[in-house]
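What follows is chain A paired twice: with chain B in the first complex and chain C in the second.
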Partner chain A sequence: MNLFSFSNIEERSETNWFSELKIPFETAKQSKIAQNTLQPDPILRPADIDVKYSTEEEILVIKFDAVSDRVLRVAISSVLESLKTVIETIDEFEGKFDEYLQ
Partner chain B sequence: MSTPSAIYSNPSTTKHFTINKTDKHTTNGKTTGPSQFVLDAGIIDKDQPSTPNQTYLGDLRSQVTTLQDDLNEFLTERMQRENSIGKEEEWEKTLLDGGE
Partner chain C sequence: MVSLDNFVKPGQKSYIAIGLEGSANKLGVGIIRHKLGDLSQDNRAEVLSNIRDTYITPPGEGFLPRDTARHHRNWVVRLIKNSIKDAGIKPSELDCICFTKGPGMGAPLQSVVIAARTLSQLWNLPLIGVNHCIGHIEMGREITGAWNPVVLYVSGGNTQVIAYSNQRYRIFGETLDIAIGNCLDRFARTLKIPNDPSPGYNIEQLAKKGSKYIELPYTVKGMDLSMSGILAYIDQLANDLFNKNYSNKFVFNKETKEPNFTIEDLCFSLQETLFAMLVEITERAMAHVNTTQVLIVGGVGCNERLQKMMELMVLDRNGSIYATDERFCIDNGIMIAHAGLLEYRMGQKFEFKDTVCTQKFRTDEVLVRWRD
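And now, the complex of A and B:
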C-alpha cells in the first residue's frame, strides 16, 4: 500500500484542463533522478488536480490534469519551482568527488 | 538536444509552448519572486535564484524559468478573462432581473 497516495480519499471532480511538460535532461539517469525526487510530493488537493511523472529516455514528462486554469497554474508553478532546484542540485553535485566523505 | 516544451489544452483550445534556444534566458523569472511593489519598499530578495553555470543543466534551468513565465502569463490572462466574463454575466443578470 502506498502511504503517499491520497487519490482515493477524495472523489475526483470532473477535470478538463490538461497540460503536458517535456523537460530534456542530458542523460536518462538524470531524468529518472528528477522523476524519483518530485514524485513523492503529495498532492494537496487530489480532487482538483492530478500530476503524473514519467520518463522517455532523457526526457522527463509531467502531465497535469486539473479542474480549472487557476488550479493548473498553481500546480505547474509549484512543480517547476521544485524542478529548478533538482536541476541545480544535479548540476552542482553530479560527478563531483566528495572530499568530506573520503 | 531539444529544449523544454509544454502543451496546454482545455475543451475549447490547445496551445503549444516552445523555448527558442538562441533567445537569452535567465534564472530570474518575471512571474516568480517578490513583486515590484515589495522590492520598491526596500525588501531584499534573499531567495533570489543563483546565476546559472555555463553548463547544459545551467541553460536548462534558465529555459525552464522562461517556460514557467510563459505558462504563468498565459494562465493568468485566461483566469482574468474568465473573471471579467463572470462579472459581465453578473452585471447582465442584475440589469435584466435584478440579480435574482
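And now, the complex of A and C:
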C-alpha cells in the first residue's frame, strides 16, 4: 500500500528550492482526474514557482521548483487545500452517475 | 431568429444544468431545466433547486479571500449533493456543469471550480464557464419577463448600467471606484452592525427609522458614479458622533452638546443619496436606448427603497420596472446554471485550460449568441 509522502524541502541553491509530493489514490483514473483538475490553475506568480504534475499509475506526483522556501510552502499548502476538495468530490460522487443520491 | 436547439441530442426533450457560484461570500448551487424551443412566457425555465450558504463575518469585519475560500471548500460538496437531491434527479440527467468564471475574488472562485472540474471528469459532462454579471442579467430577464430592459446591476462588487445591443450587453455607466454594495457594507462596518443576513439589509432597516436628510456629496460624473468620497465623508460623521467629538459643530449642537442627527438618519441619508445617483444615470440610459423597461439585478437590488425610487422615475416615463426577490437578486447558483445552459445550447465548449477563473471579466466581453 502506498502512503502519502513528500521529499524534504531541499535547498539546491539560494534561489532554487525543491520538493516533491507523492499522493496515492485508489485507481489510476482518480489520480488522472486530480492531475487534470489541478493543472490549469496558475499558482502565485508563475515566475516564482514552477509546478509539474504527473501520474505514475494511481500515484499523483507533484514537483515544486521555487525561488524561496516561503513561496514553496505557500504553493504546497495551496495545492493540498485544493486536493482536499478533489478527494472529497471523488469520495462523494464517484460511481453515482446513474442513481438518485442518498 | 436565433435557434437554441441546433445541438440537441436525438430523443432529448429538455436540458438540465447545474450551476456553481462562489465569486464572493455566497456559495450557491442551483439546477435548472429548459424545455426545447425558445424561452418565452409559455415556455419558462424551471427551477429544480436553488440553495445557498453565506459566509457571515462578525460585526465590524469584512470577508477576506482566504477565509471565504475556506468556507466554500468546506461546503461545496455538501451543497452540490443537497442540490441534486432537492431537484430529485439523477446526475446522468444533467447536460452540463456551469461555474462562475469571473469576475470576483480569486481564491473563492478557484475553490469552486476545483469541484466543478472534478465532477466534470467523474460524470463525463462538459464544463461551461459563466460571466457572473451575465448570469444576473439573464436570470433577471427570465424571472421577470422583461424583454429588452435597461439593466441596473448593483451588488457588493459591481455597479453598472447595462443595455443590450448587437450581441453584447454594453456598459453605459458604472462606478469609477467602489461598488455601491461595498460602500454600504463598509459603512455597516463603521457602525459595527451585524452582517447577518447582510449588512445592506440591516442598513435598510435602520434607514426606515431615519427621517432627517443630511446632505452628502452627490457625485455623478456623466454616466458614471463615484462613491468612495461619499463613504469617507459619512464615515467621518459617524466616527465624530461615536467619539463624541463636540468640536464638530455640524454633528453636535454648540450649546446643548446634543447630536444633530442619529445613526438612523445617516443610514437614511446615505441610501437616499446613493440611490438618487443610480436613478439619475438609469434614467439617462433609458433615454439613450429608447426603452421604458428597467430591470434591477444584484444583491443591492432587493433593497425595497431602491426599487421604490426607481419605480417613481419609471412611472413618470410611462415605463415598467422589474425586480426579483432575494432568491434571485442575491448571488445564487441557479443564475449560473441558466446563463451557462444558454451558452451550452448555442454549442459553446470549454477546454480545461479555458476554465481558469479570472478576477476581472467585463460584462461586454461576452458574445451573447443566444439573442438576436
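Keep in mind that, in the parts below, the second predicted complex is superposed on the first by the 81 of 102 C-alpha atoms of A that agree within 3 Å, B and C clash if a C-alpha of one lies under 4 Å from a C-alpha of the other, contacts with A are read in each partner's own complex, and residues count from 1 in each chain.
Convention: a contact is a pair of C-beta atoms (placed from the backbone, for glycine too) under 8 Å apart; a residue touches a chain by one contact, two chains touch by 3 or more.
Owing to the predicted nature of the structure, the values given are computational and were not obtained by experimental measurement.
Undergrad: Tell me which partner A:21 touches in the superposition: chain B (first), chain C (second), both or neither.
TA: Only chain B; A:21 stays clear of chain C.
Undergrad: If we overlay the two complexes on their shared chain A, which of chain B and chain C does A:73 touch? Say first, second, both or neither.
TA: After superposing on A, A:73 lies in contact with chain B but is clear of chain C.
Undergrad: For chain A, which residues lie in the overlap of the chain B contacts and the chain C contacts?
TA: In chain A, residues 81, 84, 88, 90, 92 are touched by chain B and also by chain C.
Undergrad: Name, in rising order, each residue of chain A that touches chain B in their complex.
TA: Result: residues 16-26, 30, 59, 69-70, 72-73, 76-77, 80-81, 83-84, 87-88, 90-92 of chain A touch chain B.
Undergrad: Hey, which residues of chain B end up touching chain A in the complex?
TA: 1-11, 27, 31-32, 49-50, 53, 55-58, 60-61, 64-65, 67-68, 71-72, 75-76, 78-79, 82
Undergrad: Can you list the residues on chain A that touch chain C in the complex?
TA: 33-34, 36-42, 81-82, 84-86, 88-90, 92-94, 96-102
Undergrad: Which part of chain C faces chain A closely enough to touch in the complex?
TA: 69-70, 73, 76-77, 80-81, 84-85, 88-92, 110-111, 113-115, 117-119, 121-124, 352-353, 355-356
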